[in-house]
Amino acid sequence: MESLATLLSLKEAIQEYVHDGATLALEGFTHLIPYAAGHEIVRQKRRDLTVIRMTPDLIYDQMIGTGCVSRLQFSWGGNPGVGSLHRLRDAVENSWPRPLEIVEHAHAGMAAAYAAGAAGLPFGMLRGYLGSDLPKYNPQIKFIECPFTGERLAAIPAIRPDVTIIHAQKADHRGNVLMWGVVGVQKEAALAAKHAIVTVEEIVHKLDASPNAVVLPSWVVSAVCEVKGGAFPSYAQGYYARNNAFYKAWDAIARERDSFEDWMNRYVFGVKDFHEFRSAVEAARA
Amino acid sequence: MPETHYTADEMMTIAAARMLRNGTVCFVGIGLPSAAANVARLTHAPDVVLIYESGPIGTKPSVLPLSIGDGELAETAETVVSIPEMFAYWLQGGRIDFGFLGAAQIDRFANINTTVIGDYRGPKTRLPGAGGAPEIAASSKEVLITLRQNKRAFVPKLDFVTSGGHFDGGDARQRMGLPGKGPVAVITDLCIMTPDHATKELTLTSLHPGVTLEKVMESTGWPLKVSTHLAVTPEPAEVELSVLRDLNERTARAHAGQA
Amino acid sequence: MESLATLLSLKEAIQEYVHDGATLALEGFTHLIPYAAGHEIVRQKRRDLTVIRMTPDLIYDQMIGTGCVSRLQFSWGGNPGVGSLHRLRDAVENSWPRPLEIVEHAHAGMAAAYAAGAAGLPFGMLRGYLGSDLPKYNPQIKFIECPFTGERLAAIPAIRPDVTIIHAQKADHRGNVLMWGVVGVQKEAALAAKHAIVTVEEIVHKLDASPNAVVLPSWVVSAVCEVKGGAFPSYAQGYYARNNAFYKAWDAIARERDSFEDWMNRYVFGVKDFHEFRSAVEAARA
Amino acid sequence: MPETHYTADEMMTIAAARMLRNGTVCFVGIGLPSAAANVARLTHAPDVVLIYESGPIGTKPSVLPLSIGDGELAETAETVVSIPEMFAYWLQGGRIDFGFLGAAQIDRFANINTTVIGDYRGPKTRLPGAGGAPEIAASSKEVLITLRQNKRAFVPKLDFVTSGGHFDGGDARQRMGLPGKGPVAVITDLCIMTPDHATKELTLTSLHPGVTLEKVMESTGWPLKVSTHLAVTPEPAEVELSVLRDLNERTARAHAGQA
């Protein structure tokens, strides 16, 4: 028997479900990235996390730079359209603030591995990594043979996080979740996890979902947390646009350890929650 | 190099745009590929179908996305599919005519590196990594590569093969089971190179206006083969330039506006 | 380079794309079953078809009973909620009107095989057929081993029809197709085929699709044919309901060869097109 | 059998409905399983989640579907997913608490046949086949089976094993790698049988009111084991009967209306 999602504060949800040493996936492909949840994990100083994400983005840069993470599984680790994730690079190149083990894939492999996790299969299969050096360095990439044609196909172990955290546009009072637009791999990531935490822009009486909408029923979700603006500086379609200027500004903030730590102290450790964070960022810009 | 009324990057973008035939289905990356694909759509190829790996199919953005999944892409798309569906049904399914890639390093057979400079275990520079590139390179019917040309990028041997081009040449791709034809052109700020029909080694086929053969040679880390029919790339037409510049201006305004 | 869908009459589309000996999939899981297309194939007297469909339904009963089909790949061959497909049974049990080779699966295997076809993979994988006798009789069902866990999983060759025919609610003038509700395996079946023919309830100026709607872009569709009511007696959500009474009535019509042939002669061979068929059926009921 | 104010089919449906605990997730087939699941939802289990293999998740139909994908199911669902997603993410993904199956033949270990009577290659009666059943039987956490009891159905040996129950008993399921617990009850028009804890052989545990042990024995094709704690199934309550009859009447009206 499945239990329904509990409506919790984000602080409570992270306290209850995210433990030191856990394997986490915070997904969101450019859109609906769960920034508020990432900040809360940083504030609660979780350690030794294995974090999984196709596109680490700024939020993993922050989690890595503040020492939450010991292992990263990913497929593209840059600041989109801007350049490097400097904290990720500093961890890989210089082990700062601590060594970071990386498990590196291509997008197609990660997508197949999440889908396998959602489907309860032990591995995902794709025509992938052909001629790439990635399999030389990642023992998670093996090859199998088609029993009918003999074709060689790549096999990747299913991703099964302890906790997946995603951000969505809406939930209803029972905890059913609705998202739309660039929905990425979030449904798969949520279904692959032991526990799914969903932050949402708003909790509404009725979802008013279109007929084949991307809905996660309450009984596959452990906790729903209302966090308006919780995907900033990423975006929530129908609510606010991507703050591309913030992404560009991050390059200078994260480039040096000092400027990064100053920023984190001021805007993440120095605030109570994501609402205060956004107010502080707004104030600094004004 | 003589003074021109356009930049080398503009020439590169427009040369790349011209490669996209009308009605083709293009898998577009961010940055220059996105600019080139949208210039094509707004000039000679109004029916080009643009697909971004984040999910939008048949998108018609009015400004260039900074990220691969900006809201503009979803809002103007015919539909938006999930990431697993995009990679399985649309890319691996063999539905992409042109895959458009950038690179940090490229070799003479158009294999590319976007992973590390130096040793993988102790890198000099850690780059963003593979993203969609290995499977875009494998499964698109044809691959276009654009990057700025210099000896740090055009190297005799890659530090890491992220995505396969023609491997060690000849029919290597086919033997290794990659479905698509592989790279059909490399477009830089200096010139256009295409693989030799038989050996698949990159061959200089067109110099951009005002660029000398010497300049290309000294920007390439191996003795570059030169076509016996070496052409000069037609200059950007006024309409191409104005479309590209309008697009870049709208984009700059849109991205700054949210700061 | 992909070409856009051509707007054709159904008669022309079947003439152009459906040839004797072809492998066809007419899909639609209860909803949006392409009846009009099936009737047109019967009227054009195609022969030696290999037909694929998860749930053969009345339309394959008609195609089998009129001798179009030499081979059937399926996973559930009944009249839903009513009983047998008598023409299918007569073909299997008594080779009437001609022998019928069957390739038999379970739904999960067919679904995985269609998805593999859409994904350009040589086979589909599932945790399936465990302990079932089906693999003893169907050489299409093999087993592979997970290279990480050693688990044994079923493998089914990808389905790749020459032609897939589906019915959808709408297309626009360029041939982009929109469907919603119970969408079954139609997207996969269409993408897996060399050619996809789509009959639609109406051709509209603009699809007005919701953000993550099930849309087949024009360039993956070979022909679009406007056939109002083309899914009768199945249904088209938003247009008309399933005619459950017709499904029940079919049992008596199809039970005997004579009554079946009389009905086919009168309502399928005796009419010009599906519009005439529906008028004749309406008139008979009045 | 004494006269009752309800039919044997009504008793069977209501006994099956009672098995569904509130809040559980049920994968429902057409016919009796659909009736039982909806009676459960409209009586003791308002929060039961009904899933039909055609795609609707969390559906609340006001009339019973004739087919597995009637429009009513889609219109009242929380969402509708594709067939590949339904079988991969929802059933195989291990999210189903109760899978609800019928059968043409069943054996003492609750293996079932819905494929053929007679030889597969030259069948006496060709049945509809597997549908979703083999994987519903394998992957649901628990399986409920309902069918009318007689010697043609309750056979010592199946003509064809379509879907596995407990195979040859004991821990056979686990050894063969089936994830779910398998059949936990067989509910007929005469009685309820459950697998023995150790041997997994079906054991008569509850007789429906007015049904004799002899009647059950002569309707079963093997010497049926009988529980030492043989119970009598509680009669249908008024509310159960009225909910079931209302549902059947609404359904009959709705299905006839379209003729």
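Letters A, B, C and D name the chains as they come in the text, with residue numbers starting at 1 for each one.
Simple rule for what comes next: a residue touches a chain if its C-beta (ideal position, glycine included) is under 8 Å from a C-beta of that chain, and two chains touch if they have at least 3 such contacts.
Source: prediction; values computed, not measured.
Asker: Identify the chains in contact with chain A as well as chain D, in label order.
Answerer: Chains that touch both chain A and chain D, as defined above, are C.
Asker: Would you mind telling me which chain pair, A-B or B-C, is linked by more contacting C-beta pairs?
Answerer: A-B
Asker: I'd like the Å distance between the centres of chain A and chain B, where a centre is the mean of that chain's Cα atoms.
Answerer: 28
Asker: List the centre-to-centre spacing of chain B and chain D in whole Å, with centres computed as mean CA coordinates.
Answerer: 57
Asker: Roughly how far is chain A from chain C, going centre to centre by Cα mean, in whole Å?
Answerer: Here chain A and chain C have centroids separated by 40 Å.
Asker: At least two partner chains per residue is the criterion; list those residues in chain C.
Answerer: If we look for residues of chain C contacting two or more partner chains, we find 115, 120-121, 126-127, 151, 181, 183, 187-188, 211-214, 237.
Asker: Can you pull out the residues of chain D that are in contact with at least two other chains?
Answerer: Counting only residues that touch two or more other chains, chain D contributes 74, 80, 82, 88, 92, 139, 179.
Asker: Write out all the pairs of touching chains, ordered by chain label.
Answerer: Those chain pairs satisfying the definition are A-B, A-C, A-D, B-C, C-D.
Asker: Flag every residue of chain C that touches chain A in the complex, lowest number first.
Answerer: 120-123, 125-127, 142-144, 146-149, 151, 153, 155, 157, 180-181, 183, 210-214, 237
Asker: Provide the residue numbers of chain D that touch chain A in the complex, in ascending order.
Answerer: Touching chain A from chain D are residues 21, 23-25, 49, 57-58, 74, 78-82, 88-89, 92-95, 97, 139, 179.
Asker: Of all residues in chain C, which touch chain D in the complex?
Answerer: 29-31, 54-55, 74-78, 80-82, 84-85, 88-89, 92-93, 104-108, 111-112, 114-115, 126-134, 137, 151-152, 181-185, 187-188, 214, 235, 237, 241-249, 285
Asker: Which residues of chain A touch chain D in the complex?
Answerer: Contact set of chain A toward chain D: 1-4, 115, 118-121, 176, 187-188, 191, 207, 209, 211-215, 217, 219-220.
Asker: Could you pull out which chain D residues touch chain C in their complex?
Answerer: 30-31, 53-56, 65-71, 73-75, 80, 82-84, 86-88, 91-92, 111, 115, 120-121, 123-135, 138-139, 160-164, 167, 173, 176-179, 254-259
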